[in-house]
Amino acid sequence: MIKYLHKYGAPRRFYAISGRVLPWSAVITVILFVSGLYLGLYWAPPDYQQGDAYRIMFVHVPNAWMSMMAYMALALFAAAGYIWNIRLADILAKCTAPLGASFTLCALVTGSIWGKPMWGTWWVWDARLTSELVLFFLYVGYMAVQASIEDPRRAAHASAIVAIVGVINVPIIHYSVYWWHTLHQPASITLTNQPKIYITMLIPLIVMSLAFMFFYLTMLLVRARNEILVREKDRQWVRNLARKIV
Amino acid sequence: MTEPLFAVRALSCARGDRVLFGGVSFELRAGEALHIRGPNGYGKTTMLRALSGLGRPLRGDIRWRGERVRDLGDEFYAELAYLGHLNGLREELTAAENVWTYARTHGGADCDGKQVDAALARVGLAAAAERPARHMSQGQKRRLALACLLVVNRPLWLLDEPFTALDVGSVETLVNLIEEHLREGGLALIISHQAFDLPGIRNFDLEHFVRSRR
Amino acid sequence: MRGSLLGAMRAVFIRELLLFWRRRTEVANILVFFVIVTTLFPLAVGPERRELAHIAPGVLWVAALLATTLSLNQLFIIDYTEGSLDQMLLSPYPLTALVFAKLAAHWVLTGLPLALLSPLLAIQMALPDKAMGTLVLSLLLGTPILTLIGAIPAALTLGVRGGGVLVSLLVLPLYTPVLIFGAEAVAAAAGQEFAATAHLSLLAAFLVLALAFAPLACASALRVSLD
Amino acid sequence: MRGSLLGAMRAVFIRELLLFWRRRTEVANILVFFVIVTTLFPLAVGPERRELAHIAPGVLWVAALLATTLSLNQLFIIDYTEGSLDQMLLSPYPLTALVFAKLAAHWVLTGLPLALLSPLLAIQMALPDKAMGTLVLSLLLGTPILTLIGAIPAALTLGVRGGGVLVSLLVLPLYTPVLIFGAEAVAAAAGQEFAATAHLSLLAAFLVLALAFAPLACASALRVSLD
Amino acid sequence: MTEPLFAVRALSCARGDRVLFGGVSFELRAGEALHIRGPNGYGKTTMLRALSGLGRPLRGDIRWRGERVRDLGDEFYAELAYLGHLNGLREELTAAENVWTYARTHGGADCDGKQVDAALARVGLAAAAERPARHMSQGQKRRLALACLLVVNRPLWLLDEPFTALDVGSVETLVNLIEEHLREGGLALIISHQAFDLPGIRNFDLEHFVRSRR
């Protein structure tokens, strides 16, 4: 199994395979985005309470979900890279971090934008919002470690430890923030009395979520391919490639 | 002829993304020493750190008593003493305290005050036992670091420019110490730009193995 | 090798105590930092007693947390730049055990006095007397967690310039749960809305977890940093 | 000697900018530290908006102060341990001028971005919008004072191990007036109890004072430390 | 016979509360050099720091062109270049940047890229101009510190163990550099335990002036 991983984990092989996958995933991403946006912005009816403002949900919720999924992916890649010394896993982890951080930032920003009309303020110290913010800090910490160590192997190992420690902590943080909120007197505004989701809203939501998932995949491949070329710039196969293009 | 105790085969090391040297092989038997030479920046320090286990070689096979040192792990550390560019002292501790903590954390549990004093006396610091390291001159600090080697009884010595900052008398003392160590069946790898006079030492010129020189 | 693991751990512990004793002003400094931060708050926020009492648990805990974070920067850095850490890695004993001894000494010299000092500051902040016991207990349980978790980033950022701030950056999100439960426990004891025991036992559970995993992670981090 | 004093100051300034650019993550880290400290407070104190808004000026100012203090620890220490400070002292130009250039660069890279970032955090802490301008202005006036004053103990404690905490210890009392006037200015603007201008002009007066004396004191401190 | 440029009379230095040496006197004329020798811990570094103005002597009179250096202040600094145990580099800056900032902050306003490159080439670091100092070996760093001396044109060189970590070729280069400096009317004080071959250099043994030896 590990041998298998090493074989297909060779950056050069990955570069070839991903080159074939990439156009497909890019096309699927575009199709999903177009149809998701159509369904969300035109097909779904306005909300009886919020009017059209609720439509930001179709961006906000997928981003919030992706922010957490990307962290799981980050930790898995990092652990694989650290334990089995797979270079490709290191690269995937490194490339996942900025994507995950962007999802998190988007969830925070869209949430805030939504929050202003809904709650009359940009920010409340709600459990969910707080843990999302802490998640953002974890991403930033991971990226800061990556950026401040130049030797790629050391950077990968060091940041992997950050990611693994973080993944143990994420559920702890999540529940502690939740408890913090509930054990205290309830805050004046909460997310719990959200409107029931109708099927007409659910379908665009699912399509948009799939769209963001494929967007993640596409961007991951693009970034990883780029990173591979940079790291292997002195290798013969990259030189050949460069010569072919020029 | 006895079995080689320390055997290195086809070792190559890298720094960043640049391969420094490759194909380094040698064997050391009990009582043998190697003087590692080569111009600045060719990778002597990198090699010694890789051999000690502090660094990680790019490729190659390092064996102690026939077993891979990566597999031996802590057991290998119990056989070697390393002196780097840095002295590894704590400035706030006195000379005696520095030597004592080194001994205890490196398995010299029977090390008592008398042994510490003896080691300090060997390097000419007998009078400075109670002086904090921060009040010592460069050469005195270097000697103190050498005293640490004497309290743990290790067959393999890895020394990175041990003569730095030593005065003429101390250089001689150190050469004598190494000679004695070899006579008792020890091994030594010594990086030094300065020539020194140790009968029977082999020279190893890293220059011949260099892959990229910058 | 004729030594014993316990002997080596004891030696590391004694070494740290000696070093701290030589730099005893520094130990005092961490306490004074704690005192000053808690003193700044009344200055910055204004002196109304009721309000102060309300934010007291939070401020005391944040101050303790920042003081620990600050002292963590110094944990390995001198050993690193002077090469003692190289030597520690080359010890024949498991690095995890030696790291554990080092962290234990660090806590005895920072977290412990901090916890013992806290009631004095709590009086300043008008915290009700009945919450004093909980305050000390929560800090006794919480500060070792802070030390244990904080040592990991401190080890990771060794070769890195500007590591000090990076440590804070990495450490503070990880401290969130400890901070929440610590401060909540004190607030609960002060207000008697809920019993503080639930929070305290959660802190204890965290402590066990941190004791089990943090020294290991820290030792791995050191090996990575010195590679 | 054919160079010019301004040329030398420019060189010091450029050198610092270059160093910071090489360690740009560190600059970012100071900002993130600022962000995180302000985030810790709601976690520790609780989420009620009214209460948060009340303590917001104090918390923001304390966080800015701590972030500056942390970054000051690094100001001279690397130059000191690597010997560049020896060389700076042996420069034929007045040390005061070179120190001034160094401090200017430091402020441009820490205090300035910190002041510009502060409104974002103020929103989080529910500070009223009308106080935002005063917040930024007070930080623009206040952070250079923090840098200038903080540099003196940073220079004084160079030879001393564990200087980090000692710096904070020496600096915080000096910071007290800056903190009080800064936080009061923002609180005044938020509540419109008093005009903020009085406080702001006091800050400006401090700044002028610090500009006049701090570089000189700092240069003398450096000479003492290296003797 | 010309006037002495640098004259030291009855100099004594202390460390802590211990007087290290006393009664040191010597004079240097243009083109002369002094090799300061003595066992570890006798106060060579302390003496050199006192002469440069970094340290403060206990007693004694140090004159440059007949005037007391304490009175000259910054003007004296414009005449000397000092190389200590430490290299005085910033690890994050490249070799060229290190040399450039040194030149600018020490009055070499006309120092441009060409001069920097020339200095680096003199010490054999031409290829490493764009490499950050942190990626250099010990010997390369030492050479970089030497390159800084070459971009400011100073008559008085104070060198504390300049040969540390230098390989055989670089030691020779440095000796040639010093020789050239002397030929052009420069002065040099050199602390070194290692012997080196510089025609006409005078030896100065600090041992004879020692007050307390520990």
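Note that the chains are named A, B, C, D and E in the order they appear, and that numbering of residues resets to 1 at the start of each chain.
In this text, a contact is a pair of C-beta atoms (placed from the backbone, for glycine too) under 8 Å apart; a residue touches a chain by one contact, two chains touch by 3 or more.
These numbers were taken from a predicted model, which means no experiment stands behind them.
If you take subunit C and subunit E together, the chains in touch with both are B, D.
Each step here moves to a touching chain, and the least such steps from subunit A to subunit C number 1.
Relative to subunit A, the chain whose mean Cα position lies farthest away is E. Across A-D and D-E, the chain pair carrying more C-beta contacts is D-E. A separation of 57 Å divides the Cα centre of subunit A from that of subunit E. Subunit B and subunit D have Cα centroids lying 45 Å from one another. Centroids built from CA atoms put subunit C at 37 Å from subunit B. Between subunit C and subunit D the centroid-to-centroid distance comes to 26 Å (mean Cα coordinates, whole Å). Residue positions of subunit E with contacts to 2 or more other chains are 85, 91-92. Residue positions of subunit C with contacts to 2 or more other chains are 23, 78, 81, 161-162, 166, 169, 172-173, 176, 180, 227. Touching two or more other chains at once are residues 134, 137, 140, 144, 148, 177, 180, 184 of subunit A. Across the complex, subunit D meets subunit E through its residues 1-4, 7-8, 10-12, 14-15, 18-19, 22-23, 78-79, 81-84, 86-94, 98, 226-227.
Residues 23, 25-26, 29-30, 32-33, 36-37, 40-41, 43-46, 51, 54-55, 57-59, 61-62, 65-66, 70-71, 73-74, 78, 81, 161-162, 164-166, 168-169, 172-173, 175-176, 179-180, 183, 187 of subunit C touch subunit D in their complex. Taken in their complex, subunit D has these residues touching subunit A: 23, 25-26, 28-29, 32, 35-36, 39, 42-43, 46-49, 52, 123-124, 126. Subunit E contributes residues 52-56, 74-75, 77-78, 80, 82, 84-93, 97, 100-102, 104-110, 132, 148 to its touches with subunit D in the complex. Of all residues in subunit E, those touching subunit B in their complex are 15-16, 38-41, 45, 85, 127-128, 131, 135-140, 143, 161, 164-171, 193-194, 214.
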